[in-house]
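One structure is given below, represented as structure tokens, and several questions about it will come after.
Here the chain labels run A, B, C, D and E in written order, and each chain numbers its own residues starting at 1.
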Amino acid sequence: MRSLLILLPLAGLILLNLPGGLLAGLALPAVAALAIFEIVLAVYLPTAAFPALEQVQQLLHLSTPLDSLARVLLLSIGIVMLASLLVLHATVKAQRRRFNVANVLLISLMGMNGVVLVHDLFSLYVFLEVTSVASFVLIASSGEDTGLEGAFKYLVLSAVATVLMLSGVAMMFLFAGSTDFSAVAAALQNNSGQLLLKIAIGTFGCGLLIKGGLVPFHGWLPDAYQSAPAAISVLLAGVVTKVSGIYALFRLGISVVGLQTFSPVLLAVGALSMVVGALLALRQNSLKRLLAYSSVSQVGYIVLGLGCAGMGGPAGKLGLAAAIFHLFNHTIFKTLLFVNSAALEQRTGTSDMSVMGGLGSRMPITSTSSAIAALSIAGIPPLSGFWSKLLLIIALWQAGLYAYASLAVFVSVLTLAYMLTVQRRVFFGKCREDLLSAREASGGIVLVEAALALVIIGVGVLMPYVMNSFLLPLKGGF
Amino acid sequence: MNNPNWPIFAIFGLGVVLTLGVGFYCVMVTRNLIRALIGLEVLTKAVTLLLVLCGYVAGRMALAQTLAITLIVVEVAVMVVAVSLFLGIFRRTGSIRSTDIQNLKG
Amino acid sequence: MSAIMMWAPILIPLAGGLLVLPMRGKSGLREIVALLATLANLVVAIANFNSVGTWTGQWVGHGLDIVLLNYQFSAFILAAAASFALLVCLFCFRFMREKTSANQFFAYMLISLAMVDGAVLADHLVTLLFFWEGLLITLMGMIAIGRPGAFKTAVKAFVIVGISDLCLMFGMAMAGLASGTLVMSKMHLPVTDAFNALAFVLMMIGAIAKAGSMPFHSWIPDAAVDAPLPFMAILPASLEKLAGIYLLSRISLDLFQLTPESWLSPLLMIIGAVTILLAVMMALIQKDYKKLLSYHAISQVGYMVLGIGTALPVGIIGGIFHMINHAMYKSCLFLTGGAVEKQAGTTDLAKLGGLARKMPITFACFFVAACSISGVPPFNGFFSKELLYDAALDRHFIFYIAALGGSFLTAASFLKLGHAAYFGKRSSEHDNVREAPITMLLPMLVIAAACIFFGVHNSWPLRNLIQPVLGARLEGHDFAGWPHSMRLVWLTVAVLAGAIMNHIAGATVYGSGINAVDHIHYAPLLKPIYEQAERRAFDPYEIMLDVAAFIARGAWSVDRAIDWVYNRLAVGAAMLGSTFLKLLHTGDYALYVAWALAGAAIVVWYMVS
Amino acid sequence: MNALDVVLVAALVVSATMTVMTARLLRAVIGLAITSAILTMIMFRLAAPIAGVFELSVCAGLIPAIFISAIGLTRRLAAEELPARQQERLRRFWPLPVLLVLAIIVLTQWPLPIGLPDSQGPEPVTDLSTLLWNARPADLLAQVALLLGGAFAVVMLVKNVGREHE
Amino acid sequence: MRSQNLLLLVIVLAPVLGSLLLPLTGAVSARLRNALAILLVLAAVVGSALLVPDAMAGRTQTFRADFGLGINFALKADALAVFMALASSLISAIILIYSTGYIAHYANQNEYYLMVVLFLGAMMGLVYSANLILLYVFWEITAICSWRLIGFFREPMQVLRADKAFLVTVFGALAMLLGFVMLGSQQGSFDMPSAPISVALPAAILILLGILSKSATLPFHTWLPDAGVAPSPVTALLHAAVLVKIGVYVYARLFVVSYIPPEGFATLVMAVAATSALVSAGAALLEHDMKRIIAYSTISQIGFIFLGLAAGNELGLAGALIYILAHGFAKGGLFLCAGIIEHGTHTKDIRQMGGLLKTMPVTAIVFLFCAFSVMGVPPLGGFFGKYMVISAAINSGHLVLGLVFLLGAFLTVLYLLRLFNMVFLGESRGLAGPEGTPVMVGSVVVLAALALASGLAIYWPALLANQAASQMLGIAR
């Protein structure tokens, strides 16, 4: 089943580009169909029961091919891809560009699926590269010079990341004689004191941190997010960096290296990202750039949870659960925020907040959904973001990481501050004269906004059920 | 250091480290976008060498060659994209200087 | 004693008041209702006079119950209050006829009466406080319905009395803690330790502020001008004095055991002496009938406070006797003022004159009351003052001199008032002034008669009403009859004679009664002080407002400083950090690569080490 | 220590250094090709002939060609700017050889506690084509996707941009 | 499951879930929406009232559903909760009725009703909550609602103030959350313990920060006067009836009922409250903005409530509860009066007002009566509350702090009368608005009547308050 996730996009890609352009008109529906297929697969894949987080415990020897972490990611990829497509449909009208972008989206989809599914370090690298290449093209697809600039910076940093990762892969390969996760994991256990392996873990990890855009490896991220076309920034922020950076880091930590070896690094980097990202987001004029820094900050939370997981014990398990949960939540609300930004871009032609104001009355659904996402990202109950942050804080506290827990708590204030700035400058307030003619965004975007907002509220309010089915397996440790 | 391959690993490893240094230095220092891409290429060379070297030392030459070939293909694809971006930038801005692509900042 | 009778003095006026309140317009019904209510109240008060009874009711819990106790002292005060209320009501029958706000006046008056009755009957501190503070609203209301702008004075009165009532509240809470009970008849606290002394002082503030002593007096002269005149007769002149001095006596005698040795006794005496002198000095120079009287209403409180402050039986008896005497002659005086105002249309002394012919009965009443207040034998004021002199001299002659000096000035000011209003040249505007109607005269006459009765036959009130209050503390003394010390009587007479001579001299020099005391008014040292006082520079209210404003400015700066921390400091710090970080992001990818490599170097170094 | 190995490594490093330091971009690209050629030799030395061939054909052939065409498209500019930038580039790049020498000294004089694994026995699969086609099919698929991505990059970024300008 | 337990669920969920229907209803008919909103709030009133007999009998209703990790949906209705719920829902209902008159001419009414009813629902949830995390959830829902409501008029300054209020309260709330996490780690669950257990000082301080920020007590108070830019019913709701009482309620719930604070903690709280009472009273004396003055007054009065709670004896607890009730009525009335005045004169600057007694006599009288209650003048309810808390402070041995509060009470008299003076008395300065609509005036009259009734009929609320106080202290009656 899961090989379909890699094969189908490729097949689609080839079919769409058959000579004569017979099927060219089906580009968008094809991608949409694949995304839906992916969502369905993620939810209903029969190999394991969905609420199977107990498997996290067994992840170190990875008995099942598809754990719930991968499943969460597949689900996120499907959802975000669908959202991105709808935004693409609404924002890009030129048929040719639409077709091209849809093709590259397929490449990206395949790359991400590959990243999630493979169990080989080198294959992981290859698929990361597929995802990245697709991203470069997508970011630059508008042809604007900012897009090219952002893509080029991403490319340079990504190449550096590649070098770092490959160095790590090579050195692990040296010891394991293979690049398979289990073989490398075994080699790492048998050769625990080896300098080269330590360097390898360090460089590979740093490569992933660059891909994930964590401070101080984040330089490319705001530029790329800001400059990407609306639909692409949705995809980038929603899943691409999560999959290529954060998921790979999870995978590395869980399946290969053992989180405990570098959890202090993760904690420090996570905390730094949290604070720096939030501070940077405070003073931005571009909504997308602000959201990009917000991503940096929120990814910091996720990595903090991952670091907490490395502390081991029941608190570590809770931390891992919290990190995965926050990863999912962040995917949803950050996607929603970027869709909001796309809606604004559609109606005002810019993402510069200094020319907006009081659009709440003109774009009620955009405004409401954006408020919901903003509150969720700031960790205000009863929305989804609160619960993941809460679990994270509980985990950090129980792991004895009091300073990190306090920091995580108080960065929420900064988060709320910049999110309120967005609300204030864009939606909440008197409508500007020149924006009185603005309308609600087009149907597809509104649909996405409403759906994602409902997901946020639903996960938040139905947290008991999410907890029962998703987190309770860890209760024994509490 | 008991491994019979140690001298080979040491000398080529030194080569890898130095080449990596050259590449990173180039990427960070140059203001010319093409030269930056050349720097990245140098980096890739170093990594390819490291991969092959590790395969050689580990006695996994077949796999190492496979990986190296894949790596080369990836390298080509990335470079094609990079040069496309470069050309795009050149056409839009008329410049090949990295100082001219600093519009996104702050 | 039945619960109904127990509650009747409270409920009858209250019901009457609530009934009257909606009666707008000019119907005579409200006067009748008010009259009936006060009459019924008097009947009840008399019926209750000799009975003793308690009533206890669950209220808030935690020992905060309603406890009423009717005993000799409270019955006496109730009866007195009821009498004055009835008389003032009668007076108002005509006086308030044309006023549209009369319904409010009667309502407030009746409710005030109910509150005073409740406060006097209360045997539980919280019950007392409930009624005591309840008086605030009616006080405010009664002043507010006066002439336009009176509301400001009402607010002033409210602030002063309200703040002192808060002190009373606090003192009560302290006393309750010290004694373990809030039931007044069970409290017997020594005032030796600081805690109890503070409690006493705070409760005393409440009591003397209600009575109108300095430094809580300054609303009274303002109210005299702004409020309807019967208000002055009923509240500051009688009911509030009754209540205030009643409470002062209770806390000095029952709740706390005030002894002459305690430092609180001189404190009270000093307050009393200062009040006597300063207020009468102010009274002396007033050019308005009502305002002059109002300063006397303050000054006379000084005597009572002084008397009770001596903590000697003779002083306390004198104080309480002076309280009832003062209530009589002062309400009588205010009523004459009311009659003059009603008939002559003004109370400005400069415009009045020669009214003795036109309004002989009013003048007669005025004369009796003025003699009483000046302490002329054999009117009632003379006897109570003699007791007070006795007590003051017993403690320290300085207090005696203050009291005597007060008497001198009192006499002088009433000579001036009488001369200016009832004699001297007659203004042509007042040609058609006629004697007041009978409903107004009757109360005055009754009170004037009572003044004479209480003076000539002082053994009745003293033996039946006042001396029992002291009970065992009286130690068998009997202060009825002619004063013991003839020496003091002669001194008093000499002072009165001096006052008359002073007046004659002044009136001759300045040519009119109203200016008879100008030599004091414009005396070298006093003149600037008087000027300042007229400008309210010494008004404790104004001073308190200044102090409050000072505190407020301090608080305000603290508040703004805290706000600055939020609005400027916190935001500024975040913005500074943000700006700094933004500057680091130059947009140069080489820099970003350098960061990433540096980060990687640190991470690898950490992993290796 | 084999002298040939030292020569090869030295050649590689010197070639790479020359590549990044040379004044003209065209020469830099040629330097890159030479570097690739040296790497090919090293690969032969390390018993990786097939990968070496790929390296030679792709990295010494294809990639320089791409670069040269790109430089050709921007030649006018590169030539104009050359004299002005030369001084600056020298200032930027002179520390590189110094740093390299320093690094060589440090790395050779400071023995790092580097351990190598023991021999891990014979390789399970030695047939390259089996490995490439059967063991790593995902990589192959990814390569296809990557190449398509490159193609789309050219289509979207080079071709279309040109068309918009026309 | 007994019907009372389900009733508990209904009280909480009816307004919370029902509020979400309001925008939909509003799309159909504004009148229907208003009616539904009032109905939902009345459901909470009636439901809470139905719980009174049980509460009086000392029976505690509970509803719980366990969700793991110690985060449970647990509701509990003891006398304290019932008292608080009844007081706040009753006041909210009146304010809501007033709103139908006040808000009728503004945009965003759907949002307004949604937020107000949701707010009340969250308040109910908070009051009945028996789990720390559940409490926190409802706590923050109220913050969200107040954020939207404060910025209701959408002017830049108002939105900024809304953000400020939100940020400050969230800052405190997050500190509190950290405290909760500490407690949770200590006791292994986030359920409030049935028998009080002691709590460490850091956790207590952190939780206190949250409480202070929500209750607008020094040094987190300045958002409250700033929030006076909100529509008057909202300020009434936030400042008077519900929002600021959340803090004191949680103090009572946590530090009196559920946990034993460390030694000296109560004195600290009292000192903070005393400073707060004094500083804000002083500020109120200098302020010129009508609603800011009343807001400062609220801050000051909250100090008195804290005094009663921190005194910790039965008298103080009962007094604080009565204070909460009386202050809710009176301050609600004051804010709504301010709303009528603002509606009529279109200004909040008292220096421009004067002589409004003539044009707004009913408002003036109501204002005065509510002010009397706040000052503590009998026979209004504020009298008993003030006496009881001050007495309790003295009884607990804090005489000096009591004297500070006495000074605060003086200033209360001064600033309220100054306000009355400036607004209603004196010469008119050209601003002479008409009396409000009948609904608005009727609402304030009802509030004033309740303020009066809460004093005259103190016996009945006192019964419940005393029951709550003794239950809080674990004294069997």
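Just so we're on the same page, contacts are C-beta pairs under 8 Å (C-beta built on N, C-alpha and C of every residue); 3 or more make two chains touch, one makes a residue touch a chain.
Bear in mind the structure is a predicted one, so any value in this text is a computation, not a measurement.
Counted as hops between touching chains, the shortest connection from chain C to chain E is 1.
Under the touch definition stated at the top, chain A and chain D share these contacting partners: B.
With centres computed as the average of Cα coordinates, no chain lies farther from chain C than D.
Summed over C-beta pairs in contact, the chain pair with the top total is B-D.
Ranked by how close its C-alpha mean sits to the mean of all protein C-alpha atoms, the top chain is E. Mean C-alpha position of chain D lies 71 Å from that of chain E. Once the centre of each chain is set as its mean CA position, chain B and chain C turn out to be 97 Å apart. Chain C and chain D have Cα centroids lying 103 Å from one another. Centre-to-centre spacing of chain A and chain C amounts to 77 Å, using the average Cα coordinate of each chain. For chain A, the set of residues that touch two or more other chains comprises 122, 126, 129, 133, 136-137, 140, 143, 148, 152-153, 156, 160, 174-175, 177, 195, 222-223, 417. Among all residues of chain C, those that touch two or more other chains are 582, 585, 587, 589, 593, 597. Contact with two or more other chains is made by no residue of chain E.
The full set of touching chain pairs reads A-B, A-C, A-D, A-E, B-C, B-D, C-E. Against chain A, in their complex, chain B makes its touches with residues 20, 23-24, 27, 33, 36, 40, 43-44, 46-47, 50-51, 53-55, 57-60, 63-64, 67, 70-71, 74, 77-78, 81-82, 84-86, 88-89, 92-93, 101-106. Considering their complex, residues 24, 27-30, 36, 98-99, 101-106 of chain B touch chain C. Across the complex, chain C is touched by residues 152-153, 156-157, 160-161, 164, 195, 198-199, 201-203, 205-206, 209-210, 216-220, 222-223, 261-262, 264-265, 269, 276, 279-280, 282-283, 414, 417 of chain A.
Residues 318, 358, 360-361, 375, 378-382, 386, 390-391, 393-394, 397-398, 405-406, 409-410, 412-413, 416-417, 420-421, 423-424, 428-430, 463-464, 467-468, 471-472, 474-475, 478 of chain A are the ones that touch chain E when the two sit in their complex. Interface residues of chain E, counted against chain C in their complex, comprise 164, 168, 218-219, 221-223, 278-286, 296, 314-315, 318, 322, 357, 372, 375-379, 383-384, 386-388, 390-391, 394-395, 399, 402-403, 406-407, 409-411, 413-414, 417, 420-421, 424-426, 458-459, 462-463, 466.
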